[in-house]
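What follows is a pair of complexes built around subunit A, which joins subunit B in one and subunit C in the other.
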Partner chain A sequence: MEIFRASNVTKRFGALVAVNNVSYSLHEHEVAGIIGSNGAGKTTFFNLLTGMFPPDEGTIHYRDVEITHETPQQRVTRGVMRTFQLTSTFDNLTVIDNLVLAYFRAHRKASLLQLFLNTCKQHRNNEKITAILETFDLKDLRDREVRNLSLGEKRRLEIAMTMLAEPKVLLLDEPLAGLAESEIQAVLEILRRQMGRQTILIVEHKISHVKDFLQRITVMHEGSIIAEGGYDECMSHPEVRRSYWQIDIDAETSAEAGS
Partner chain B sequence: MDTSLIVPGVIFGLSIGSIYFLMAIGLSLCFGLMRIISLDQLLYYSVGAYITYSVNLHTGSFWLGVLAAVAAGAAVSLAIERIVFRRIYERDLTFSMITSFGVLLGGVGIIKFFWGLVPRPVPVPISEQMSIFGTEIPIYRLIVILVAIAVYIAIWLFLNRTIIGKAIRAGIENVEHVEGLGINVARLFTITFLIAGTLSALAGALHAPLIMVDPHMGLEVLAFVFMVVIIGGLGSIKGTLISSIIVGQVVSLGSLIYAPLAQMAPFAIMLLILLVKPTGLFGSVLLKR
Partner chain C sequence: MRKAFDWWWGIALAFSLLAAMRAFLPLPFVNEILIFSIYAIGCSFLLGRVGFISFGQPAYLAIGAYGTAFYLFYFGTNPYIGILAGLASGFIAALIVGPLFVRLRSDYFALVNLALAVIVFFLMQKVLAPITKGDNGLWFLTNMTSTPVLDITRPSQFFVFAFIVGLAIWAFYKYLDDTLFGACCLATKINEDKLQFLGYSNFSIRLAAFVIANTTTALAGSLYAVYIGAVSPEITSPARAADPVVVILLGGAGTLYGPIVGSIAYTGMKDVISKLIGNWEMIIGPLLVIIMLAGEKGIWGTLEPWLKTLLFRNKSVVPQKNSSIEGN
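Take a look at the complex of A and B:
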């Protein structure tokens, strides 16, 4: 079942067409990926899906409801959450406070008075928060200020915060960027556990790390989709080989013919 | 310098610093969270003083005047946030600065229309004095200092203990990411603006008996309040408190040494601090960019 659909979306920044007439859909419980070289328009497309800014043309639907002009906050309420290329945790708060903020918004339709009366202390021992601290191996870091965490720990916390909200669709913007090999494996292990439970869309440079994990890959180049399908299918696509791997197809073909 | 003037000088400095602190918190939080320079806070300061004057004149109760001033400051700032600022949050910093200056000038015009140009006196509600180190100190000035301390504690508890306070702190770091969590950022902005306007009105109400209330009173403290915000570091409450004490003392003790120093010395201190630490004493990491 189709859960997310972008139809003919275009986004321009002045003369630059960052996303050019892209149509894309995500299916329920699918784990899909978007890859492409720098400047391919991946993150802009991601921002259109999450409502960071509206498209100049085209529409976006979530479960057949048009959400093209909804704010990120409205999309979160529908169950669409994202992470950012640079971690979106809050450095001046502790790990537990970051989690409480994420949990509180996701699980309560709070009135203004409740927001004033609720203290973080009241939620510190919440079952779900305690469980997520365990799952993401953050228990020992609970009271540490986020500014003192490593990038890998911050990334784990960021994903933990989105998981606390129990989103229907999780959009991950380069979740492996800047991580060491062991940290990459830890993050991938966490994501693997979510397979079948959530719809996940990953924008990632490190294709080799996620290729076994993704059910469908979409390749973007200069704001357009140039290939879509399985890993092997995409990687053998001539346009992808030219733009993504910068392989000169014509030279390769004539070399093969010559030999 | 007469050493017997030091104790009253320090108390005077603390009380004037307390007024600056109450006004500067709002400016600092508004910049930190919404990235606006809210010069209209000076209007709420004037509104607070005038409402205190009028209520005191008609009821004879200064403290009732302070309560009415706080309520009026909240109401006016809420209305202006809804009508004006909500539409310009996403614009450039200079846009908000010019708009808020327009609101301030328009507001001063309305004050002139209702209260006229003549400066108005507000009697000091407590005329008794208290002996500190053998020097008689007006109790009212001590009360102003205590109110500022209470406000600092309340704001600290609000920002560090409540969920909404933590959301505001998170928003000062990165408002987009707060929005990404599904938190209603527009509501955070309104609450922050309301707090700022209310505290500016409280500052005006408390300051009224120590000065003459006149339509341009906001413009007269403008430079000092800005200095407090800049020295303390935009977005930092602790920095605002410390810098308000510094500016208050420099104004007060400076005038004891050589009167023109009271006006000049705070600027010199600000330049010195900015040379050593461009983000101010406690400027946030984010604002160091």
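Take a look at the complex of A and C:
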């Protein structure tokens, strides 16, 4: 079942066409990826899906409801959550309070009155929060201020915050960026556990790390989709080889003909 | 019991100090400190919690003071109702300008608030002069009637009232620090995008913080009006716009008790130095620069760890969550 659909979406920044007439669908419980070189328009497209800014043209539907001009908060209410390319947490709060904020909004109405009537302390020993601390191996860092964590720990916390909200669609913007190999494996293990439970869309440069569990890959170049399908199918696509791997297909062909 | 003490020790210490000062120092001086610290706490909350620096606090102070003054000069004689009128004026004014101002970035926020202070100054001095009596101000000291139980028209009983109000305000801000709203304020200060993508409204959180902070400032204006028994446009002079900012930087920006400590230090320095030389600003200015260069955390921010160690001895019982708004 189609859960997310972008139809003929275009986004311009002045003369630059960052996303050019892109149509894309995401299906329920699918784990899909978008790859492309720098400036391909991946993150801009991602931002359009999450409501960071609206498209200049085209529409975005979530479960057949048009959400093109909905705010991020409205999309969160529908169950769409995202992480950021640069790790995004609240560095001036403790790990546990970051999780409390994520949990409270997802499971309570979080009106201003509720925010006034509830203290962080009341929710710090919540079962779900305790469980997620265990899952993400953050238990020992519980009371530490986030500014004192390593990049890998912050990345785990960011994904933990998103998971805690139990979103229906999880959009991950370069979740492996800047991580050491051991940290990459830890994050991948967490993502593997979510397969079949959530719809996940990953924008990632390190394609070799995620290729095994991506069910579908979409390759973007200069704001447009140039290939879509399985990993091998995409990687052997001439346009992808030219733009993504920067392989000179014509020279290769001539060399093959010459030999 | 121990936990309750941990939670309240800062407030207890700060107000014990104020109570002790009452025994040794002149009443006007202590009353001025109380009013000034209530004036500064709103500004401190905006800066420390939400990341908004405001040079427009005199505007909200004046709105509270004139709200009280109009009531006591034109309509009634009960100073308590006058204070409520000032409080309501500040709340309504913040609710009107807040939706416009909180959308701005911190630097523009500072300037637009300063502009508001200038506007209020000229409104009170010129445009509304037939009502405000211009530079002469409104004098209503003799209009106020004595009130039962606590007669706040008398300076000594005003001190008790201001002390109770101050204690209540600090308890309220301490509670706010611990609420999810307080955490959201810190979150919007450092990462508004993330907060938005968790589903919170940055606008609502900032607006609520703005209204709370400036209603507190208006309350300080009301207390000032009742204490002095008069209000003039001088209260909203743009020349005094930096006063609360200086006080909280001096006391410790973003700390809960910084405004009290800063008020004591600033009012004290002003009082002592102005007795020695006429142009006291010439001494205060460089002194402030030296104090701030010596420690960016301000007086309270520097002293707090020492005091905790001294009071609790065993470091393990030192509260994890210090009283610093920043450090929540």
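To be clear about the criterion, the second predicted complex is superposed on the first by the 258 of 259 C-alpha atoms of A that agree within 3 Å, B and C clash if a C-alpha of one lies under 4 Å from a C-alpha of the other, contacts with A are read in each partner's own complex, and residues count from 1 in each chain.
We adopt the following convention: a contact is a pair of C-beta atoms (placed from the backbone, for glycine too) under 8 Å apart; a residue touches a chain by one contact, two chains touch by 3 or more.
For clarity, every value in this text was computed on a predicted model and none was experimentally measured.
With subunit A as the common reference, the superposed partners subunit B and subunit C clash. Within the superposed three-chain model, A:168 lies out of touch with both subunit B and subunit C [touch as defined at top].
In the superposition on chain A, A:42 contacts neither subunit B nor subunit C. By the document's definition of touching, of the two partners only subunit C reaches A:143; subunit B does not. In the superposition on chain A, no contact is made by A:11 with either subunit B or subunit C.
In the superposed model, A:216 makes contact with neither subunit B nor subunit C.
Contacts of A:156 after superposition: neither subunit B nor subunit C is touched. The intersection of subunit A residues touching subunit B with those touching subunit C, taken from the two complexes, comprises 50, 52, 71-73, 76-77, 81-82, 84, 88-93, 97, 100-102, 104-106, 110, 112, 115-121, 123, 161, 165. Contacts from subunit A toward subunit B in the complex involve residues 50, 52, 71-73, 76-77, 81-82, 84, 88-93, 97-98, 100-102, 104-106, 110, 112, 115-121, 123, 147, 161, 165. Taken together, the subunit A residues at the contact with subunit C in this complex read 50, 52, 71-73, 76-77, 81-82, 84, 88-93, 97, 100-102, 104-106, 110, 112, 114-121, 123, 143, 145, 161, 165. Listed in rising order, the residues of subunit B touching subunit A in the complex are 161-164, 166-167, 169-170, 172-174, 176-177, 179-185, 187, 191, 284-285. Contacts from subunit C toward subunit A in the complex involve residues 175-176, 178-184, 186-187, 189-191, 193-201, 204-205, 208, 320, 326-328.
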